[in-house]
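Please find the structures below.
Here come two complexes built around subunit A, the first alongside subunit B, the second alongside subunit C.
Then we have the complex of A and B:
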C-alpha cells in the first residue's frame, strides 16, 4: 500500500509548485492503486461468478444439445448441434406435469404447515419459561441429527400401519420432519428480537395472548416467517428419497419422477433430464424472485439481539 | 418475561401430548408387520402387481406395457404396474417386500436374487421352471440355495466388446486369445496415436468390479468354501497386471462404464467391458452410424491356452411373492419368459436375449449375429459372482474396488491392497 503524504502548504495557504507535482504523483498512484484493486475485485467476481454459473450454463447447454453431442469426448464448452426437441418432448409428457403438480401441492402445504407449527413452537420457546424448555429445544434440533434413512424406515412402517402410504398427507408429514426443526429455531431467533415490553404493553391494553401473537408479533415476524416458509418449500420441493419411498407413481413428486423417467439401467437421457430440470426449477426461481427481500431480512433477523 | 402466554402446566400438557404422539408412532412402527412368510391376500386372485424398474424406462416401457395389456385382455385380470428407478430398486424393494406392500410378480436383476430370497417371501418356482424350456445357464441364474426363485427372462453376460475397425487399422487380424496376446494388441493399438485408449477398462470405483473376471482369469476363485480368497497370489498378479496396463497408458485413468461407452462410441477405444445390451446403447449415442457393424463380442483372453474364458453372468429374472395373486402372477411370469412370440417381440424391441432354447432359436434372434456370437462366445462360460449370495454384495464389491483404485493411483502396493480387500470382504460376509 502506498502511503499518502500530506501536501505541504505555504504560509499564504497555496501549495508550492513541487508540492503540487508531488500531489499529482500521489493522486496518480492512488488512482493506479484503486484501478488495480478494482481489477482484482472484478477478476475475483468473474472467477467466482464463472464457478457458480458454469453448472447452470452446462445445464442449459446440455438441455439444448442432441444426445450424440452430449457424449462427445472431450466435451465441448460451446455446443454445436442445438435443438429444442428436449423441451418440446417435455411439454408432451403428461406424467411429468402430474409430478410437477404433486410437487407444488406437497411443497406448498409443507411450507405452510411448517411455518404455522414452528411459529407457535418458536414463540413458546422464545417468550415463555417453563421446566424442560431447553431440553425440548435441543430435542427438536437433535431430531435433525438422525440419518434420513433411519427416519424413513420408521415413517414407512408407521404410515403403512395407518394405511397412509401413497397419500399427500404422508409426504407432507414426512417432509415436515426435516423442515420444521430448522423453522422452529429460525423463528425462535426472530421472536427473541421482539422486545418483551411490546408484549407487556399489549397485555396492559387488554389484548389476549392469542391476539398479541397474531396481531402484534406475527406481522413483525412476517419476513422471518416468509423466509422459513421458503426454506421449507425448497426442501420439500427437492426431496427425493421420502417421496420415492412413501408415494406411488400417482402421488410422486418431481425429483423421483425425473429420475424414474430419465435415468435408466443402461443409460441416462441427459439432454432431456437437463431440459426437465431447467423447467422445473422455474417455480423455485420465481418464488425466490418475489420473496428474496424477505429472505435476506428473515434469515438474519435473529442474528443480532437488540 | 416469564409471565405472559401459556402457564407452565399448560405448556407441559401441550408438549406431553406431542411426546405421547411421537412415542405412539414409534410403538406402532415397532408393531408393524414384518418377517411374515407371506405378503397376505388371496393367492388365487387374478389381479396382481408387477414390479419392474424397466416400466419407467423409455426403451422398455412400451414393450412391457404391451405384454401386460395382452395378458389383462386374455385373462380378464388387472395388473398394477409398480416401478422404482434402477439405482434405488433394491433398497425400495427390500423395504416394501418386508413391509408387505409388494405382491405378485417382481422383476429382479440376477445379482439381487439372493438378497430377496433370503427374506423368505418368494415362491419356489421349481415345479414351474421345468415347463419353460429354459437353457441351463439361464436356469442357474434364477437359482439360490438349491431353489428356483426366479424364472429367467433375459440371460446374457458382461464381456469384452471389440471395435473391428480399429483392430484392422492397427493390423490386428484376429481377436487376442491370451493375456499376452491381448497386451501385445493393446500396444499395437496405442501405436495408432490420436488419443486412442486401447482398452477402456474400468478404473473408477463405480465400475471397478469389472476386475473380478480378470482376477478369475489369473486363477483367483474369490470365494472358496465360504473363505474369501482375494489376497492370494492370483489376485495380486491380476491387480499388478492391471496396474501395468494403467502405467503404460494402455488403459486410462478415471473411466467408468459411461466414459468407456463415450470413448468407444467415438472410435477412441478398441476394447471395453459391457453387457450384451452395450451394442445398442453405445451405437445409439455415437455419431458414427457404422459403429454398430464394427462392434464384436470377444472372449475374454485367458492366462494360458485351454483355460476357460471368464465372464460375469448378467440378466433378469421374474420372481413371485407369496400371497395375493401368487398363482396368476406365476402363470404371467411363465408366459412372459417363455412364450415364443412374446420373447421374440421383446427381443426385437430391446435386443435382450431370451432365456429359452426355443426363444434363442427363433429366426428373429438367430439372424442377429451379434447376439448369437455373444451367446456362443461369452454367455456360454459366464458365471455369477460368488458374492451375490450375500446381502452385503455391494459393499464387498466397493471395498475391493477401492483397494484396486488405491493400487492404480499408486497409494498402495498390490499385495497389501489385496490383503486388505480380502480382509474387508471377509469381515463384511461375517456381519
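Then we have the complex of A and C:
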C-alpha cells in the first residue's frame, strides 16, 4: 500500500501530484487514517467516559436510595426503590443548616476581601513599572505553593494565641492564604487587557489616579472581578483542612461538617452523605457554569485548584 | 553621565493637581494591603514554623524549650525516608496517570467528534465537585462491605471475596491515587485541549498527505505544539500533589500501618493528634525545602515563557 503513495519528499515538491493515480491512493489512505483516528477517538471517549462518569452515576444512585437497600451486597446497580428522603432529611437537620450558613458567610467574606485586596495589587502589577515588582509577583505566585498542612500548624498557634480559634475571622484569613494569590494573578491578567491609552486619556481629562482606577478601570474589569470572586468563593466553600482544624461545631463549614455528621466510627450513613455531598456541590457547579469562559485563561494565569 | 540627560520616555501625563506621590510610590501603596496580609498570614507563620522546629513544644502546654536539632534527628533517624518515598509514589502516580488519561481524552476530543463541546463540559464534573465530596464518593465505592467496586468485581468473577481496598497496605496507595486521578484528569484535559487547539489543522493534513503515520504525526506535529502546556501542567500538578492533603486524609488518614503517610498527613497528625508542634514543624521544614526546589524550577520555567 505504501508503495503506491508518493514519498513525503516528492509530495512536498510536487503539490500537483494529487491529480495522478498515486494522489488518489493518498487520498484513500488519508480517509482511512481519518476513520481509524475516529475509531480510536471514540474508544478513548467511551473508556475514559466510563471511568469519569460511572462514579457520578453512583453518587446520584446512592443519594436516591433508601438506607436499607444501600446495605445490601452485592449492590443493586439500578436502584428500584427511589426516594427523596435523604434530601428532605437534610433540610430538617439544624446542625447541617448551620454549617451551610457558616460556609456561605465565610466563603462570601473571603471572596470580597480577596477581590478587593487583589484588585489593588493586580492593578499595581499590571499598570506600573517599578523596582521589585517582578520579585513581588513571583512571591505571590510562589506563596500558593507553600505546604498548607505546615501553614496550618502555625496558623493554629497564631490564632490560638490571639484567641481567634472558632471565629469567622480565623477561617476567612486562613482561606485568604490560598484565594488571594489566585485573585491577584487573575486580576493582573484582566487589567493587562485594558489599554494604557485609556488611562492616559483619563489622566489628560484630569482624573486622579485613584479616580481612574475606581471610576474607569474597575467598571471595565468588573466581569473579571466577579469571576475572580467566584473562584475565591468556590475555593473557600470547598476547603476542608483549615475549617476542620480552626473551627469547632459552632463555626465549622460544610465539608468538615459532613464528616462529623455522617462518618461514624463503625457505620456511615452513605445515602444521606451522598445526598449531602450533592447539595454541597450545587453552588460550585453553578459557579463553574458561569465561569466556563474564564476557566482556561484563569487556570493558566493563576493556576487554580489543587 | 550627568550632563546629557537621556531622552526621557515621556511619562503619561498624570494629574496636575495633587500629584504628591511618584508613580512608583503610588504603585507600592496599592500593593500595601495585600503585602500586609501576605506577611501576616503566610510569611510570618511559615518563618515561625521553620524556627519552631528547633524547640520542644506541645500544643496543649504553654512555653517551649530549645532542643537544637533533636526534632530533625527524630525524623531523619526514623520515618523520613519512608514518608518521602510514599509522598513521591503518590505524587508521581497522581500526576502521570491523570496526565495520560487527560491527554488521551484531549486528543480524542480534538479530532472534532460530534458533541465534543458537550462532552468536554460533562467530563469536567469530577474536577468541579468539591474535593471532600470526591473523597466521600470513592470511600463509598471502595467500601469493604458494601462497596460497588467489590460488588462489580465479584459479579464478574474477578475476585472471590470482598477486598478492603483502603484497609490493606498493598492497595491503599493505589486507591488513593485512583481517587486523585479521577479528580484531576479533567483539568489536564482542558489545559491540553486548549494547547491542542492552537495546532493548525492544515499542519496535520499536510503531514498526513506527506505520508506521516499517526504516531509520526503526533511526535512531529502535535507534541512540539503542546510541549509548553504539558510541562507546566505536569509541574504544577506535581507541586500540588507533593503537598496534597484532603484525599489521603479522608480516605486513609495515612494508614493502614502508615503505608499512605505523606508529608502532609504526617505533619498534620503529628501536630493535631500527637500535639507535638516541634516535631511537626521540623518535618514541615524538611518538606518545605524540597518544595522550594520544585517551586524554583517552576518559576524558572514560567520565567522563560516570558510573562510581562
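Heads up, the rule we're going with is that the second predicted complex is superposed on the first by the 216 of 306 C-alpha atoms of A that agree within 3 Å, B and C clash if a C-alpha of one lies under 4 Å from a C-alpha of the other, contacts with A are read in each partner's own complex, and residues count from 1 in each chain.
Just so it is clear, contacts are C-beta pairs under 8 Å (C-beta built on N, C-alpha and C of every residue); 3 or more make two chains touch, one makes a residue touch a chain.
Given the structure is predicted, the values throughout are model-derived calculations rather than measurements.
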Which partner does A:269 reach: the first (subunit B), the second (subunit C), both, or neither?
first
Between subunit B (first) and subunit C (second), which, if any, makes contact with A:248: first, second, both or neither?
first
With the two complexes superposed on chain A, say which partner A:165 touches: subunit B (first), subunit C (second), both, or neither.
first
A:184 contacts which: subunit B (first), subunit C (second), both, neither?
second
With both complexes overlaid on chain A, does A:260 touch subunit B (first), subunit C (second), both or neither?
first
Contact breadth on subunit A, by residue count: subunit C or subunit B:
C
Would you check which partner chain A:68 touches, where first means subunit B only, second means subunit C only, and both and neither mean what they say?
first
Of all the subunit A residues, which ones make contact with subunit B and with subunit C?
70-73, 123-124, 127-128, 130-131, 133, 136, 153-154, 156-158, 196, 199-200, 203, 209, 241, 245, 256, 259, 268
Subunit B-facing residues of subunit A, complex:
67-73, 123-124, 127-133, 136, 153-154, 156-158, 160-162, 165, 196, 199-200, 203, 209, 212, 241, 244-245, 248-249, 256, 259-261, 263-269
List of subunit B residues in touch with subunit A within their complex:
1-2, 4-6, 8, 11-12, 14-15, 25-26, 28-32, 34, 53-54, 56-60, 82-88, 92, 95, 99-101, 258-259, 261-263, 265-266, 268, 275, 277-278, 281, 284-287
Going by the contact rule at the top, pick out the subunit A residues touching subunit C in the complex.
2, 5-8, 11-12, 26, 29-30, 33, 36-38, 40-42, 44-45, 48-49, 51-53, 55-56, 58-59, 62, 70-75, 77, 116-118, 120-121, 123-125, 127-128, 130-131, 133, 136, 138-143, 145-158, 173-174, 176-177, 180, 184, 192, 196, 199-200, 203-204, 206-209, 237-238, 240-241, 245, 255-256, 258-259, 268, 270, 273-274, 277-278, 280-281, 284-285, 288, 292, 295-296, 299-300, 303, 305-306
Under the stated contact criterion, what part of subunit C meets subunit A in this complex?
12-18, 23-24, 26-28, 30-31, 33-35, 37-38, 40-46, 48-49, 52, 59, 101, 104-105, 107-109, 111, 113, 119, 121-133, 136-141, 143, 145-148, 150-152, 154-155, 162, 182, 185-187, 190-191, 194, 205, 208-214, 232, 236, 239-240, 243-246, 249-250, 263-265, 267-268, 271-272, 277, 280-281, 284-285, 287-288, 291, 294-295, 298-299, 302, 308
